[in-house]
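Two complexes are shown next, each including chain A; its partner changes from chain B in the first to chain C in the second.
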Partner chain A sequence: MATLAAATGKRKIKLNQNCGRSLFWPALAVFGIASQFASPDLLLAQSLEGVRQYGEFPLVGSRVAIWVAAQVHLLFAAFVLGVPMFAVVAEAVGIFGGDSKYDKLAKEFTRLLLVAYSATAIWGAILSFLLVTLYPGLWLYLTEIFQVSMWIYVCLFFFESFTLYLYYYGWDLWNTGRAKWVHWTLGILLNIWGTAVMFIANSWLTYMMSPPADVTPDTAPGMVQFWSAFANATWMPINIHRIIANVVFGGAIVGAYAAYRFLVARTDEERAHYDWMGYIGNLIAMGALIILPFAGYYLGREIYEFNQQMGITMMGGFMSWLWIIQAFLIGVLFLAGNYYLWVGMGRIPGAERFMPYTKYMLVVLVLGVMVWATPNTMIADREEIAAMGGTHHPFLGVLGVMSAKNTAVNLMILTTFLSFLLYRRANSRPTVDWARTGTIVQGALFVLASLIVVFYGVYGYFVPAIVRIGFSVYQVLAVLATIIGVITIDVFMLRGAESRGDIRWGQMPPRSQYALFILAVTFTWLMGLMGFARSGIRQHWHVWEVVRDTSEYAATPALGYAAIVISCCVLIFFTLVSFIFWLGGLAEKGTKASADSVAATSSTQGVS
Partner chain B sequence: MSKHLRHPLGRAVLVLLGAYVLIEFGIAYLPPLFGIPSGPVPDTVLFQYLGTVVVGILIWVSDNETRWSEFKAPLHKVMVEPEKKRARLALAVIIPALVGLMTFNQVKPSMAAPATLRSIHPAPPGQIDFKGETMELAGLENPLRATGSMEEHYESGREIYVKNCMACHGDGLAGRGHYALGFNPGPASFQDVGTIAQLTESYVFWRVAKGGPGLPNEGAPWNSAMPSWEDFLTEEEIWSVIIFMYEQAGHEPRTWEEEGEH
Partner chain C sequence: MLTENLKIIGVVVGTIGLFTLVANSIPQVQSEVPQDLSFGTDVTAAELTASGGLLFGSAGGCTACHGLGTRAPNLLTSNGSEGPIGARCGDRVTGESCKEYLYRAMIEPNVFLVEGYSPIMPDMRRSLSNDQIWALVAYLEAQGGEVTVTGADINQEGEGEAQTTMAAAPVPAGPTSDATDPLEILRANACLGCHVLSGEGAPIGPGFDGIGGRVSADYIRESILKPSVAAAEGYEAFAGLMPAIYANQLTAGQLENVVMFLAELR
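On to the complex of A and B.
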C-alpha cells in the first residue's frame, strides 16, 4: 500500500478513455444527476496517507472474517433477489390465469423473504464494519472512487425495504380489482430496486477484478473516471450470470423449504400443497440452471479477454481443480433434479409408459458426469505417473479437454430437458390430428441436436484451439434451438389434450424430498467454491495490478483450506435458513390459531 | 442364479462389479488391443468414476417404488429376521473388518511420495526478461512465421530439437526419449491434445526459455527438470524449435483472439 500512498501524493490527473460497453445504460442518467452532488474537491479531499492499512481479527484472522461475512451476505442476498422474481411471476399467473393457488404460493415465497431480508441486511452491515475496521486502506480507496454509487445504493436499499413491506403486508388488503394490479406493480418495483442494488455492488467487486486498462498503481483513486470504473470489463457478465444464478438459487431454497414442510406436514392437504411447491421450486431451479452455463461461459470468456494470465490461472492453473469439483457438483444437480422428476412420475397417471426409458437417460447422465469430471492432469502418486507415462492419461486424456466436456454437458442438458418433457406430457393425451407427426418432429430435433453436439465435439480434436472454442457456440445453439422448438410444438400439441388422470399431489415418497435438500446444499456450495475461484484469481492483489495486498494474508489460500472455509459458510447459512424455515411454519401456526380462536368465539357467541 | 441376477440388488452388484472391472482393467488393456495407447487408471480417478456409478445405481434402484421395495427386501431380511442371524453376524464382522483394512491401508507408513495436484498449465506472466530485454507475452506472435522460409525454420528447429530436446521428449515428440524413464513426472508429450495444442506460441516460448526454475509460485514445487534454455539458445533458435514442434506434432498453435472492445 506504500505505492498507493505515494501515488496519492502525486495526484496525477489521468482521464480514463475506457468508456465501457454500456454507455447507453439508462443508469448513466441517474449517476449523472447524482454526480452533481459530489464535489470534485470532496473526491480529492481525503488522502490515503497515514491511514492504518490493515486490522486484525481474533482467532481466525482478518481474511477469514471478511470472507465469511461476504459469503454469507452474498448467499442471503442471492436468495432475496431470486425469490421476488418468481414471486411476481407466480402472482401474475394467479392474476391472469385466475388460479388462486398461485397467489397463495407467491405470498408464501414473499413471507420467506421478510426474515431472509433482515438477515441479508445484518450480514451486509457485518461485512461493511469488517471492511472498515480490517481493511481501512482498501475501503478508503474504493470509497474515493465509488462514493456516489454508495449513496445511491443506500437510497435503493431503502426503497427496496419499504416496497417489500408494502408488498407483503398489503397482500390481503389489495387483493382484488385495480388494487391487485397496484400490488403486482409493487412486486415489479421490488425486483427493479433489488436488481439495481445488485448491479451497483457488482461494480465494486468487478472493479477489483478488472479495473480499466489505464488505471495503474500511480493513479490516484480520486482521478479514476467513475463510469469507466463502474462499467468495467467484467461488470455486465457478472450481472447477467448473477441474475440467472439468483433465480436458480432462489428456486432451490424454496424447493428445500417445501421439502421441509412436506416432511413435517400432518394433513394430506398440506402435503399436496408442499409437494406442488417443491415441484415448482425444482422446475424454476433446473430451468434456469440449463441456461446458467452459457452465462458462465460469457463471463469466463470476458475474464480471458481482459487478462490472459487471470484466465489461465482460473482454467488451467491451480484454480482449475475447482472446475473438476464444479463438474462433480453440477453433475449432482443434474442427477438429483432428474431423480426428483422420475420419482415424481410415480404420482402421475400415464407416466408408466415413459418409465422404461429413464434408465437410458440415467446412463447418459452418469457417463456425462464421468466425462465432465475427468481431470486433464490426474492426481496420481509417483508410481502411477510413471505407469501412465506422465500426468496425462494416454487414453482418458482425451476426455480432459473442453471438446469432451462441452459435449458431455450439452448432452446432459438435452437429457434433463427430455425428462421435463416426459414429465409434462405424462398425463396428457394430445387430441390434435398431427400429434404423431409432431412427436416425430420433436424426436428428430433431439436426434439432430445430439448429432450436432457429438459431431462438433469430435471434430474439435482436429482443429486449432481458436476454432474449437467457436464450436461450443454451435453446440449451445443446437441445444437451445431444440429446447425452444420442442417446447413450441408441445404447447400447441397439448392444446385441448385429454387428461389421463389428475396428478396425485402429495403422494411422493419422502426420499424424493431429500433430492430437493441436496439441490439446495449443492447450489450453495457451488456458489461459494466458484465465487472463491473468481475472487482468488486476483491472487495477491486487492485491485488487480493496481492495489497490492500487503497484508500477512496476501498469499492465495490452498484449495483444501478454501474448501473448509466455504463449507463453514454453507453451514452457517443453512443453520440460519433452517431457523427461517421454522419461523415460516411458526407464523402460519400463529395465523391459524388466531383464526381458529376467532371462529370459536363467533360460534360461542352464536350459541349464547 | 439367474433369479438373483434379475433381482434389483443382484443387478446393482453386477453393474458395480462390471464397472470396476471395466475401469480398472478394461481401460488399461482393451484400447491397446486396437492399437490405441492406454495405461492404468490412477486410484483417484477410479474412486471418482466408481463413486459416480454408485450414485447412478442408487438412483436406478430408488426411482421406482416397486423396484425400491424389491431392492430393500433382502437387506431388510438380513437386518431383522431371526433366521438370518448368521448372515447378520457375518456382516457385523466383515463390514467393520473391511473398513478397518481400508483405514489401515490409508494410514500405514509408506515411502512413496503422496499424490499431488499438479498444474500443467501455470499462468504465464504478462512479460518476461529475456537476455536483458523485456518481452510482452500477451499478443506476442512467433516472428519467424512472418519472415524467411518456413522450410528453413523447420529444418533449423529440427536440428535444435534433435540436439537438445529429443533425449527427453523423444523422436516422436511423445515424451518417450531415452532419458524419459529417469524423470518422474515424465517429460511432456507434445502429441497430446492437452499440451502445446492448447497453447499460444508465446506461452511455449516462455516455458522453453525459463524452464522449471522459471515456473511461477503456483507451480511450486517445480516438479520439472526442464532447464532454462535461454542460457543455451538464442531467441531465434527457440522460435524455430517451436515451429518444428507444432509441425511435427501436427498441431496448430493457439492464436490470439481479435482485440476486444475494452
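On to the complex of A and C.
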C-alpha cells in the first residue's frame, strides 16, 4: 500500500495496482465494471506497495522539469488548436466570398500548423514521460480515474493527425466544386477532433483543481465516479477560456510570423501579402482578446463557487501581486495592439481625418492601465501596513478596488473597439441615405455604454460587495451590446460604400511590425503566467485537498522565481517556433523552385 | 537580413527581460507548506502561540481574509471597541469559553458568522491538522487575551463536539526556561520576534535599543505584564498584538532581570 500524502498522519490514499494492466477489451470491461463494486478492502489488498512517489531531475529539479515540459507543450498545443479555427473561417470566406486570397491565406495558416504539429506531439510525449518518471504516484492516481478517457484521447489524436494531413495535402487537389466543400468539411472535422482532445486533457488538469466534493483523501481512486471527475466544477469554464485564448494566441503567433516575413521580404508583392497577413493575425488576436476577460470572469466565478478559499488565495492571497503583473501585461497588449492599428492608418487613404483622436484614446488607455495595475488587497506584514498607514493605501486604495478596475478595463475595451472601427471606416464613404443617422446612433451607443460603465463603477463604492459584484455584469453587457450593435450598423452602412482609395498594403513602417512581435511575446508570457496562477492556486496539493504534494517542491514559489521559469519557457518556444517556421520556409522555397523549374521546362518544350 | 534578425531577437529578448524584471521587483511571497505539528501534553502556551502565529501568517492562509478587514473581521486589531480577538472571543457565545468558541469557529465556521460578512470560511479540518487548529486557537487567544489551550485539549480523545464541551478553566503556562540571563530570557520567550535589539529581531513593536532612556522600569514591567493597557507611540495600530502571557510564563526573578536589563539600555 502506498501512501501518497499524509500531512496529518491520518489522510492516506490507496492506489490500485491493476490500473492499465489488462490485456484485452472484454477483460477490461469486466474488470472496469467489477472494480466499481469492489469493496475498499479488496482495493486495498490490490494496492501498490513500495512504489516511490517522486523522482528527481538533474540540475533544475522535478518541478521545473515538469513545469517547462507542460508549458511548452501547452504553447504549441494552443497554437495548433487556435490556428485551425481561423484557417477554416478564412477558407469559408474564400469559398463564399469568391476571393482566392483568403483561400491562399488559409492554406498558409495550415502550413504553419503542419510544422508546429509534430513539435506539439514531441512535447506531449516529453510531458508524459516526465510525469511517469518524476511523479509516478500522481500519475498512477490519475490513470486509475481517467484511463478510459486516455484511450479515447489517443484515438482522437490519431484522427486529428490524419485529418490535418488530408486537409493540408489535399488542398490543391480538392480545390473546386463539390471537392472543395469536402475539403472544407475536413477543416471543420479537424477543429472538432482538436477541441475534443483539448476537452479531455482539460478534464485531467481541472480535476486536480476542483475534484468532486465527495472525493476525500480516503477515497480510493478506483472508487471515484468517472463522469463526476471528468465534468468537474472548473472543466467547462476552462474549456471556454482556452478555446478563446487559443484563438488569441494563434492570431498573435501568425501575426509575428507575418511580421518576420514582412521585414525580410524582397519584393513589394511579398511585403504587401505579409502586411495583410499581419493585419489579419492582429485583428484575430485583438478581437478574441476583447471577449477573453468575460471568459476569465466566468472561470474566476466558478473557482469561487467551487471553493471560496481557493478563490481568495488566487485573488487576494499570496498570488495577489500576480494580478498586478497581469494588468501590466494586458496594458502592454492593449497599447501595442492599438499602436499597430494607429500606425496602420498611415497606409489608408482617408484615415488622416481620424488621426487627431488617437491621442485621446491613448490617454484613456494609459489611465485605464494605471487604474487596473493599482494594488488593493495585498498581503502585507505589519511593517508594510505601518508604512502604508493602514491595510489600504490612503490614496491608491480607492482605485485598487474592483469597481475602479472593472470600469477601467471596460473603457479600455471600448477604446480598442473604437480604434478598430475607425481603422475599418477609414477609407470608406458610406452611400446609404441613413449614413449620418447611423453614425450618430453608433456614437450614442458608445456614449451610453461609457456612461453605464462609469455609473455602475461609481455606484459600486456605495453598495455592499455582494451587490457590487452584480454590477460588473451590467458593465460587461453594456460593452458587449455596444460592440454588437455598432458593428451590425457598420456592416449594413458600408454595403456599397465608395472607397476613398485602396489600402497601400506593404507600405507600413518597420516599427509597426515590432509591435506585432511584442504582442506575440506578451501573449505567450501571459499564457505562462496564467498557467502558473491556475496551477499555483492548488498550492501544496496535487489534487486540491485530496492528494497532497509531499515532495521537496511542495511549496508554491514566489512570482519572481515563476517569472524566470516562464521566461525560459517563452524563449524555448520562440526558439523552436522560429526554427520550424524557417524549416517551413525552406520547404516553400523548394516547392516554388520546383514549380519554376517545371514551368521553365514546359516553356522550353513549347518553344521547341 | 542579419540586422533585421538581430533587431527581432533584441525586441523578443528585451520584452521577456522586462517582464522578468518587473515580476522580480515586486514583493516576493511564497506559499509555504503547513508544517506537521505534534504536541505532547506538556506543550507550553508559548510553543503553541509561536506555532499558531507562523500558521496564521503563512500556510494557514488566514491573512488572505482576516488581515484585510474587508472579507472577514480583522482578528489582530480592535473590532470597534471590543479589542482584538483574544479580548472579545469569550463574549461571542454565551456559555462557551474563548477557546471553545475559537475551536468551533474553525471547524464549523458558518455557525458563528459575524454580522455583515459572507459565509466564505472553509472548515479548517480540510487543510489543517487538529494540532494545527489548536495552535491557531492559542495564537488567537494570545491576541489581547490569555492563552488557555493546553496539551490536554489537543490530545483529548474524540473530536469536534466532544472537544468543544471541555472545561474551559485556564491553565497557567509555566516558564519556558529557567534561564537567568536577560538576553537568554528574551530569546527563549520570543520577545525578539517583535522587538529589535542590536539588530536582532523584527521591528513590529518598539525597539529595545535605548528603551531605558525613553521609559521607566515601572513602565516596562507594566507593559510586559499587561501589554494591552497602553500602546507605545507610533505603534497604536498594533495595540493588542503582544500576548498577555508573560505574567504566567516568567518567574518573578526572570521578570525583574529582564526589566532591569531593558531599563539600563540607554
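Following the convention adopted for this analysis, the second predicted complex is superposed on the first by the 540 of 608 C-alpha atoms of A that agree within 3 Å, B and C clash if a C-alpha of one lies under 4 Å from a C-alpha of the other, contacts with A are read in each partner's own complex, and residues count from 1 in each chain.
Assume a residue touches a chain if its C-beta (ideal position, glycine included) is under 8 Å from a C-beta of that chain, and two chains touch if they have at least 3 such contacts.
On a predicted model such as this, the values are computed, not experimentally measured, just so you know.
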Partner chain in contact with A:F318 - chain B first, chain C second, else both or neither: both
Chain B versus chain C as contact partner of A:F417, first or second or both or neither: neither
First, second, both or neither for A:F230, with chain B first and chain C second: neither
Touched partner set for A:I564, first chain B, second chain C, both or neither: second
First (chain B), second (chain C), both or neither touched by A:Q308: both
Partner chain(s) touched by A:F523 [first = chain B, second = chain C, both, neither]: neither
Which of chain B and chain C A:Y167 touches, first, second, both or neither: neither
Chain B versus chain C as contact partner of A:Y274, first or second or both or neither: neither
Chain A positions touched by chain B in one structure and by chain C in the second: 307-309, 312-313, 316-318, 321, 328, 377-386, 390-391, 465-466, 556, 559
Residues of chain C touching chain A in the complex: 1, 4-5, 7-8, 11-13, 15-17, 19-20, 22-24, 26-34, 36, 38, 57, 59, 61, 63-65, 67-71, 74, 118, 120-122, 126-130, 202-204, 235, 237-238, 241
Chain A contact footprint on chain B (complex, rising order): 27, 31, 36-45, 48-49, 52-53, 55-56, 59-60, 62-65, 68, 112-126, 137-138, 175-176, 180-181, 184-189, 192-195, 197-199, 218, 251-255, 257, 260-262
Chain C-touching residues of chain A, taken from the complex the two chains share: 7-10, 260, 263-264, 307-309, 312-313, 316-319, 321, 324-325, 328-329, 377-386, 390-391, 465-466, 514, 517-518, 521-522, 525, 536, 539-540, 545, 549, 554-564, 566-567, 570-571, 574
List of chain A residues in touch with chain B within their complex: 18, 20-21, 212-213, 232-233, 305-310, 312-313, 316-318, 320-321, 328, 331-332, 335, 338-339, 342-343, 346, 355, 358-359, 362-363, 365-366, 369-370, 373-398, 400-401, 461, 463-466, 509, 511, 556, 559
